[in-house]
Structures are given as structure tokens and as C-alpha cells.
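The block underneath contains the structure these notes are about, expressed in C-alpha cells.
Order of writing sets the labels: A, B, C and D. Residues in every chain begin at 1.
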Amino acid sequence: MHDDDTPFRTPVPTFDRPTLLSSCAQATTAEEARFRVQYPNAAPRSSRIVALDDGAARMMDDIIAEPRPAAHFLKVAPRQPDISPNEVVLLRLDGDEALLSTELAGADVVVLIATSAQGRRAAEIIGRVARAASVTTAGLIVTADAADDVVRMMRPVTGVLVVSPDADHLAAMLSALRA
Amino acid sequence: MHDDDTPFRTPVPTFDRPTLLSSCAQATTAEEARFRVQYPNAAPRSSRIVALDDGAARMMDDIIAEPRPAAHFLKVAPRQPDISPNEVVLLRLDGDEALLSTELAGADVVVLIATSAQGRRAAEIIGRVARAASVTTAGLIVTADAADDVVRMMRPVTGVLVVSPDADHLAAMLSALRA
Amino acid sequence: MLTKEVNDLLTQTTPGTPMGSMFRKYWIPALLASELPANDSAPVRVKLLGERLVAFRDSEGRYGLIDEFCAHRGVSLWFGRNEEGGLRCPYHGWKYDHTGQCIDVPSEAAESGFCQKIKLTGYPLVKIGDILWTHMGDKAERPPLPVWEFCTVPEEQTFTSKRWQECNWLQAMEGGIDSSHVSFLHSGSLKTDPLFRGAAGNKYNQQDRKPVFEVVDAPGGLFIGARRNAEDGQYYWRITPWVMPSFTMVPPRGDHPMHGHFWIPIDDENCWAWSFDYHPTRALSAEERQSMIDGYGVHNQYVPGTFRPLQNKDNDYLMDREAQRRGETYSGVWGIAMQDASLQESMGPIVDRTKENLVSTDNGIIMARNRLRRAVQALVKSGATPPGIDPAHQKVRSVAAVLPADAPFVEACREDLTVRPGVKQTSV
Amino acid sequence: MLTKEVNDLLTQTTPGTPMGSMFRKYWIPALLASELPANDSAPVRVKLLGERLVAFRDSEGRYGLIDEFCAHRGVSLWFGRNEEGGLRCPYHGWKYDHTGQCIDVPSEAAESGFCQKIKLTGYPLVKIGDILWTHMGDKAERPPLPVWEFCTVPEEQTFTSKRWQECNWLQAMEGGIDSSHVSFLHSGSLKTDPLFRGAAGNKYNQQDRKPVFEVVDAPGGLFIGARRNAEDGQYYWRITPWVMPSFTMVPPRGDHPMHGHFWIPIDDENCWAWSFDYHPTRALSAEERQSMIDGYGVHNQYVPGTFRPLQNKDNDYLMDREAQRRGETYSGVWGIAMQDASLQESMGPIVDRTKENLVSTDNGIIMARNRLRRAVQALVKSGATPPGIDPAHQKVRSVAAVLPADAPFVEACREDLTVRPGVKQTSV
């Protein structure tokens, strides 16, 4: 089927439309804008930020000065004991170990950070398990290079991907998403 | 004659009326409202507030904390020497005696306060003399009961009558009337 | 006059204001049921008490009154698609049910449950009579549903309209309890309006243009009696009930339908004047209903397709100086409703009551303001339930009657001032 | 969401504001060349970045963009007489040349040299393509003239329009980089708009309504890729370039002309939405040009004699609920341009971004805001030249392409995303 199989119909705008009291003319003044959304209309979100490699872990350390109570900052542990094909061992900020399966329970979004393809295996597991659990994933690749291999690693495991040479997008993204 | 003897005529509103610059549309904006009445447009009023009975006198004492320079607060004196059928002896706040005839001279409004029918005779004289002198009278009956007898006493001698169980209407009325 | 503080207290009803909190204790009219005529019909923008809302009727017929703006990026949901059990924002497809709960965020996996975290403010909408009523306050303190007689009689006995009035609710409402202007402003209309003329009582109005007022406190508000001289030393009384915060009824004339108003804040500078006509015991005649549709009585004509009066401030209310000169209308403006509205709008968006000069015949207004002030302050101080919420307060009628000279009017008309199902109004 | 501080930083562009200083670093579109059609034609009022200006074309054909108000008594020079090499105030005859220099004060002796002491602000106006461009910043730091492809191709290959949009520039611009709304808001238009329909790529849009986004930093701004499933495990990519501060291009469809936008602040609550259509290698057909004039594609119809859209907030954008129900338009509003503008205006004059709830598909917008914030702060801190001024940054094109599953789209389309004179666009 082609789109232009649909017969083309021109709507005819006319002038005989009244201005309703409820019209947008009333809807978009600066005065009334003050009264919009007077209450919290979204529950707090719970996010997991996972540094997949050493460069990503350093970046993460740089931004966690700002307190983000609803976010867990995690790093892929250097040693991965062979627990299960669906498990990754992570390290909390305080150095304690945490399991991927535990962290995913109750998470709304997982943000994966990569500066290289070093974390390929962990990325693959996190992406697969998060998808099975219907947890949204976002990826941030911070690299000045072309980064083909990192894109290839991250694309299948994330729902949206951001590529930038600048580390400060991480803080901007977390803040924008209320993470 | 019946009202509906008048032939019925339907005015025909039309759309061909221009909006003049001087139209009400310009006359009723919030911005221009600031510029209304920039000067005192009414001379001070002089009022006499008369408590007709003991309950009314106690009520009056409660509200005169607020200074009202244009108001004279008066109570009907317990002893009424037989001076004239058109005279009532009143007591000022400081306890001095004052005559109704003196107080009515220069008064704009007389507010009579009653909580019972105790002051019937004084009310009758004040109402009659005030009407003869073209001084407006208002009555306030403060009572939780049906108060038939108080209404019967006050109605013939006042131009407007307020009946309420709450004493605080007195202050509201005096303030509203700039008394 | 009022101090600036009290004027602000009584006129401001946006969220967080004391009077706004008080209005949010009541069931108030939100829109005409005819504005949402069918399941999945077009959503309607509603602004009440300064809040921007959108009303819709979903595929199952459930009414919703929710925040107008999508939680995602703030787009107006008036542009939304009302279909398949909810209102969907046309920008990125977020969808809300009739309670304001987000039920779909297409960019997120349905299983993620993300949408459950998003909830817009939602208020109930309940159809009683011709009106969809809402309660914008705390759900836990929702009062009983309204029982006003005009909206609980059979539908053939009642008619409701609403019009946009371009001023603060309080000065509009004050017109409803101000009987002393009838002999002036509306004097022409008593002769010509099909919903007024012919009543025996009209002659008292016209013979005695200086009524005397009595204002009597009532549990739900006030009764305002205006008496005029009648035959044999008796008085012709016209009794207006006012129930807090803003319900008023006009005293009846003959067997004409009874009418009254609700005055509901849109925001601080606009209000809805709701106007109803009903007869307690009989159907409205076809002629009466047509007169109401045509804008007679307390109703009005409209700019087509809107609730804005045909006569409005942009066309000087179609003022006719010749009709004014001939005495057909006292102010030159046609119709009871617009005679009132034109003058009230001319007072400014929020009249500055520090500058007014009241006289003693204004005592009905003075008392009403004081009742409102007391109720608001009691609510703020101790959470006291304001008058008018108790269904017993709502079961009132207006009265027109000839009474003996010394009869206290409230006592003499105790039963007549109360709703009595199956008994017609007391009228002259 | 953004903090209030950052929202203010990005949305305010009047003189002295940080973002206002940044906009004043660029050449920006000021008016259509057709608005000043001839020497000594009528002057035109222009408001840009909160500054009130008047544009005119003098007797020698020199363009001037100067302060709107006469230095003498503040009269608007829009009332002026454009004659004999300058614009003369009609009040007392003061006259200004195209640079804003006062060249005559009739009340003073010419010999006094008084007029030389009077100088209004004046900005350059340069015609490139259909547009008169201006630079409102420091003359000493004037950058190279703009080299955007749409205004440097031969005139028969290009068409430009502008429309007034009644909201802040940033929320309008954000619509231009928000690819995720296309499958919803514009879904009807893909079927019916003569400037879109028939492209092979349209089917991917309609088959896969959940695109996946990748956002890639570029020297001048961003590339935003939206991928949808195509045949044989490949992806259909639509790539939107954004060049700072506010240039966006829509990915092409088939051999239809390419289009895009500039979003230029009028003041903080209004902006110009500039819309262009061009083909890199062929003349626009008569039918295409007529469709653009008729308001199809990214263009729109006007209230006659103005640049205000025929569909505007005062008439609810001529919303057609029946067309919405039939699915011809998703929101009931006709035309791509007004579909966007209606929703963006409904968000309020300056949307309060502290209250929004972004999701991860909004990352294009998140990144763009962060780039703007960084550039403004770098400008304030160290005077750093913002991205988008370098002519190399301006030589971009949008792309629509089917690529292998694992290809990074910017690398795979490096050449296609760059202006190549004589080579047509890469499109599906």
C-alpha cells in the first residue's frame, strides 16, 4: 500500500468559528500560567545508574556530590563470580556488593554509562534482564572517538542512546528525568 | 390597570454596533480600576448609636475599643425625668447626660440596638423625633429568640431592621456605613 | 465599605486562599450536563476557582474533571482525543482516565508500570438536574450531594442556563441579595417581561418605590425581607433567601416559575452566573420554556456558540438610549440579567470596597459579607464546617406574601420558606 | 525538568540577559525581503529579542534597521516619511539615515551640527536568499555572513515563510527537535499532505510507532536519530540536525523538498517561526510552490494582511473534532505547523519547566537545553564563541536512510549530513 492511495481532502478553514470563553485565548496568558500544576503530579522515580567501565566509574564519582535520594549509583564489580547467566555483581558507593536482580526490583529506569566496550558482557545481561522486567533503559556513551564498538554494544541493550564527548550530560539527564 | 395591559414589545439586539473607544470594555479592566476615586468623595458622616436596653449597652461596650471619631455611643439612661414627650435622656460613654434633641442635631444616621423590648418607650420617641427631623434610622435586634415583641417595637421606628443572634454584626455595620 | 484585607479575603478564591478553601468545601455547579452530551463527545475546558481543568465523558459514560495540562510537557488536554476509555494527549500520546490517573505512556513499556506514577488532579462530576456538580476539596471530607429543589424536581419542571460574567463573584452575588434596586433598574421589565408580567404583586412594586428592609439571620445564610404597603394597613413582603456561599432565590411573582442563581468564581476577575427557573408542582409550559431559551426573565441571549452574553461589554450591552428615554428600560439595557451584569461589570473586575459609600438599605449586603467573613475565619481557625453544606440549609424557597403589619416575616412564613414536596410556592 | 534558574537563563533574551547576549552573537532572520519590496517603500515595525525597531529601504536601496522611536519626543518612526535618503519623523521633522544617524533637525540651523549629536541604535540588514538578516551584537565582533544551504541555492529552488507564534522561542524550538511526537500528532498529515505523501519512508513511520532515539553531539549542536524497523533486520533512520541556537531541519521524505525552521525570539512571550523549503538540486515545481503558499507542509495560512496564522488561539485553531474522530488529523487541528503551534501555545507563554515530567525519549530536548546552558555560561564566563557561528557548522542537511543494524548513523551518513553543492539530499 502506498500512502498516497488515500484520497486527498482539503479541510476548509472558515472564519465563522466563535471565540469560546474556554478558548485558548484564555488558556495561554502569563497570569493564568501561575495556577498550573499546584501539586506533585508524579510519584518519585527510582533510578539505577550503572557505570559499565572504569572511565564511566570515574565520571560517576564526579557528579554524585549532589544528593539524589531516588537514585542508586552502581559500578560493575571487577570480579564477576559465575552465579547465573542473568546476574551481575555490582558495587554500591560504599563498596558493598549488590546483585543486579535486587537492584532491578523497584527500579523505574536504568541508565548505563560507558566510555569503552570494556563492559560488554555486563551490558548484555543488564539490557536483557531489564527488558524482561519491563524496566526502561537509557544509555550514555561518553567518548571523543568514533566509538563504533561502544555503539554496537549499547544499541541493542538501551531504549535511547546519547553520545557525547562531555561528561556533564550525565548530570543534566538525571536532573531532567527527576532521577 | 393591569401591568400586562402594556403592549409587549421585543427589542431587537443587533450586531452592527461598533465598540467605541469609550466603551465599557475599556472601562472595566483591572489596570484602569486602580485609577478610580483618587480623592475623598464623601464627607465624614456623623452617627449616633443608641443602646435601648442593658443587654444592648453591654454589647456596645464590647465594640467601642476601636476608635470611631464620627460616632457617638449612647445608652438610654435608667432614669427618665418627664421633660417633654419628645425628649429622651441619654448617657455618653463618660457617664455624662445628653439629650436626644441635642444629639439628633447634626446626626446623619441613628442606629438603635435592642436585645429585648425593655426600651420600648425610648425607641418610640427616638423613632418619631428622628423621622420628623429626617434622620435615617436603622435597627439591630440581637437575640437568639423569636423576638416577636422586639420586632413589633422596632419595625415602626426604623427604616431598616437587622435581626441576628450575633453581636458582631454591629461592628460590621458601623464599619460598612463609615459610622 | 470594607477594609482592603477583608475585601481581599472575600474576593480571592484561587488555590490556597481562605475563601478558595471555603468554596472547596461545597458541591458547586461545574458545567451544564448538555455540554457533555454523549460518551466520547468533545472535551470541554473548565476554569473554576482559578484552576484550569478539562471535563470529559469517557467511552463508558463516566464523567471526569481533571487538570487541563498533560503531566509530560504541559500541553492542553483540550486538544486530546477522547476515546477508548480515556483522554489521550495528542502530542506524545499520554493517556488519562476520568480520575486523572495516567493509564498509558506509549514511549515506555506497558509492563513497566511507569504510567501508574503519573496522576493529574481529578475531581468528581455528578449529574443532578441539568447540572454536573463538582467538589474540589478534600475527598475525605466530601459532603452529601446537593438537594436544591430546582435540580431535584422532575426535568420537565426546571430549566437552567449559565452565562459568563466579567467581574468578581462577590459583586455579582451581591446583586442577587440587593432587593432595593428592583424598583429602579428593572422597573421597565416588570411591565414587559413575559416571565414577570401579570402578577398581582407587581402593582405593589410600582406603587411603593421605597421598600423597607428587614434582614434576618438564618442557619444557612440570611432571609432578606422587603416590605411595601399593601391594602388595609398590611404589608406586601418579598423574601429572598441567601444560602452560603452564593445561592440566592428571587421572590416569586404569581404562578410564574420561581427563579434564582448560583454565583461561582471562574477566577478572581470572572464568574459564572447560573440561573434557574422551576415550578415546584407543575411542568413548565412550552411558552415559558421558549421564553427562557429566548433570554427572558433571569436568562439571556448569547453570542452564538458561546456562553458569553450577546449583550456584553465589547458592544456596550447594546444599550438603547431611545428605549431608555421612552421608559421601556430604565438603563437602556434590555433584560433583567444584563441590566444587572452591565452595571456590575462597570464597577471593575474586583470592586474596591474601601471606596464605596453604603447606606442603611444596604444592610442585606453588609450582613452577607459579615457572615462570609466569619465563616472563612472560623474555617481557617478551627476547620469549622461552613453554613450551607447541611442539606437542611439547602431546602429553602423564596416567598411573596401579604402579611399583617406586625408579623415577623420569617416566623409568619416559616413553612412557606421551606421546601415542601408537592406543595406549590407561596406567591402573590 | 529544569530548575527555575536554568529555565529563566534559557528563555529570557531581552537586552542584558545572558541568552540575549548569546543571540546577539549570531546573524538572525529579521524579516522577509518581500516586506521591503522597493526603495522608499513603507517602513516595517520589527520587534526582536525584546527590542522595538523599524526597518526601511531608503531611496538608494540601502536597508536600515533602527530604533523605532524618535530621539526627540519618542514618536514611533513607523509613522515616518521614507523619502530622500532617510526616514523622517512626522512630528517635528527629525530625519534619520539607514544607520540610525540623525541627518536633519529642522528647528536647528543646519550649520549648528546639532543633528550629528543624535544617533539611534542601528543594526545591519543583509539580503541573503528570501531573508533580510541582522546582527544585533557588537559590530567589532560581527561574524561571517550566514551560509545556510536553503538561502544560498538559486531562488527558484527555495521558498521561505514566517509566522507569529505566541509563546517563548525555546518551547517552539523544542518542538523542532522532538521527533517522538511525529507518530502521534502528525500521523494524519503523512497521509494527506501533498508535501509529504507518497514517500517510501512513510510506511516505516506508520508501521512502527515506537521509534528508538539516539542523540549524538556535534560541533554545532546535535544530530538526533530516530530509528524504526525496516526490512531484513535493517533500520530506517530519520536524522534531524540542530544547529545552535535555533536552526532545525526535518528529515526529508522521498524527493520532496527539504524543510526546516529558525525560531527567533520577538520577546520573551512571542517568537517568529521561520519555515523554509528547498531542493538542493532542482527548482521547486509550480505545484509545490503553490502548496507552500497555500499553507501545506511546514507552512500555514494567514489572517489576511498579517503574519498571524489563520488558525490561532482566538479561534481555537479552527479545531475540527469530526476530522479528529475520522482520523484525518490526530488532534483535530489542520496542518503540521499549526498542530505544533497550537499545542506549544497551550503550554503557556513561557512553559514552567520545573513542573514537567520528562522521559528518556526526551533526551534530544534534554541534550539541546544542556548545550545551550553550557554555551551561555561559557559566553558569560570567558566570552567563548558559541557553536553555530562557524560557517562549517551551518553546512548541514537532514537525512532519511535505511542502514545496517549496527551502523553508527552519524559515521555512516557523514557525507549525507553535509552540504554538497550539486548533490541531491539522501532520502527514502
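Heads up, the rule we're going with is that a residue touches a chain if its C-beta (ideal position, glycine included) is under 8 Å from a C-beta of that chain, and two chains touch if they have at least 3 such contacts.
Predicted, not measured: the structure shown is a model, and the values here were computed from it.
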Original post:
Which chains does chain A share as contact partners with chain B?
Top reply: C
Subject >> Turn needed to bring chain C onto chain D - CA fit, degrees, nearest 5 >> reply: 125
Subject >> Separation of chain B from chain C, taking each centre as the mean of its C-alpha atoms, in whole Å >> reply: 29
**OP:** Report the inter-chain centroid distance for chain B and chain D in whole angstrom, where each centroid is the mean of the CA atoms.
**Re:** 67
Subject >> Distance between chain centroids, defined by C-alpha means - chain C, chain D (Å) >> reply: 47
Subject >> chain A residues counted as touching two or more neighbouring chains >> reply: 17-20, 23-24, 27, 32, 36-37, 41-42, 136
Original post:
Can you list the chain C residues in contact with two or more other chains?
Top reply: 69, 71, 74, 76, 78, 108, 114, 118
Original post:
Among the chains present, which pairs are found to touch?
Top reply: A-C, A-D, B-C, C-D
Original post:
For chain A, which residues count as touching chain C in their complex?
Top reply: 17-24, 26-27, 32, 35-39, 41-43, 45, 108, 131, 134-136
Subject >> Contact set on chain D toward chain C in their complex >> reply: 180-181, 183-185, 209-210, 319, 321, 324, 330-333, 339, 342-344, 346-348, 351-352, 355-361
**OP:** Using the touch rule from the top, collect the residues of chain A that touch chain D in their complex.
**Re:** 1-4, 6, 8-9, 11, 13-15, 17-20, 23-25, 27-30, 32-33, 36-37, 41-42, 109, 136-138, 146-148, 151-152, 155, 159-166, 168-169, 172-173, 175-178
**OP:** Sort out for me which residues of chain C touch chain A in the complex.
**Re:** 14-16, 44-47, 50-52, 67-69, 71, 74, 76, 78, 108-114, 116-121, 164, 267, 303-308
Subject >> Of all residues in chain C, those that touch chain B in their complex >> reply: 1-3, 166-167, 190-192, 194, 197-199, 202-203, 206, 212-217, 269, 301, 310-311, 313-318, 320, 323, 328-329, 334, 342, 345-350, 352, 355, 357-363, 366-367, 369-370, 373-374, 406, 408, 410-411
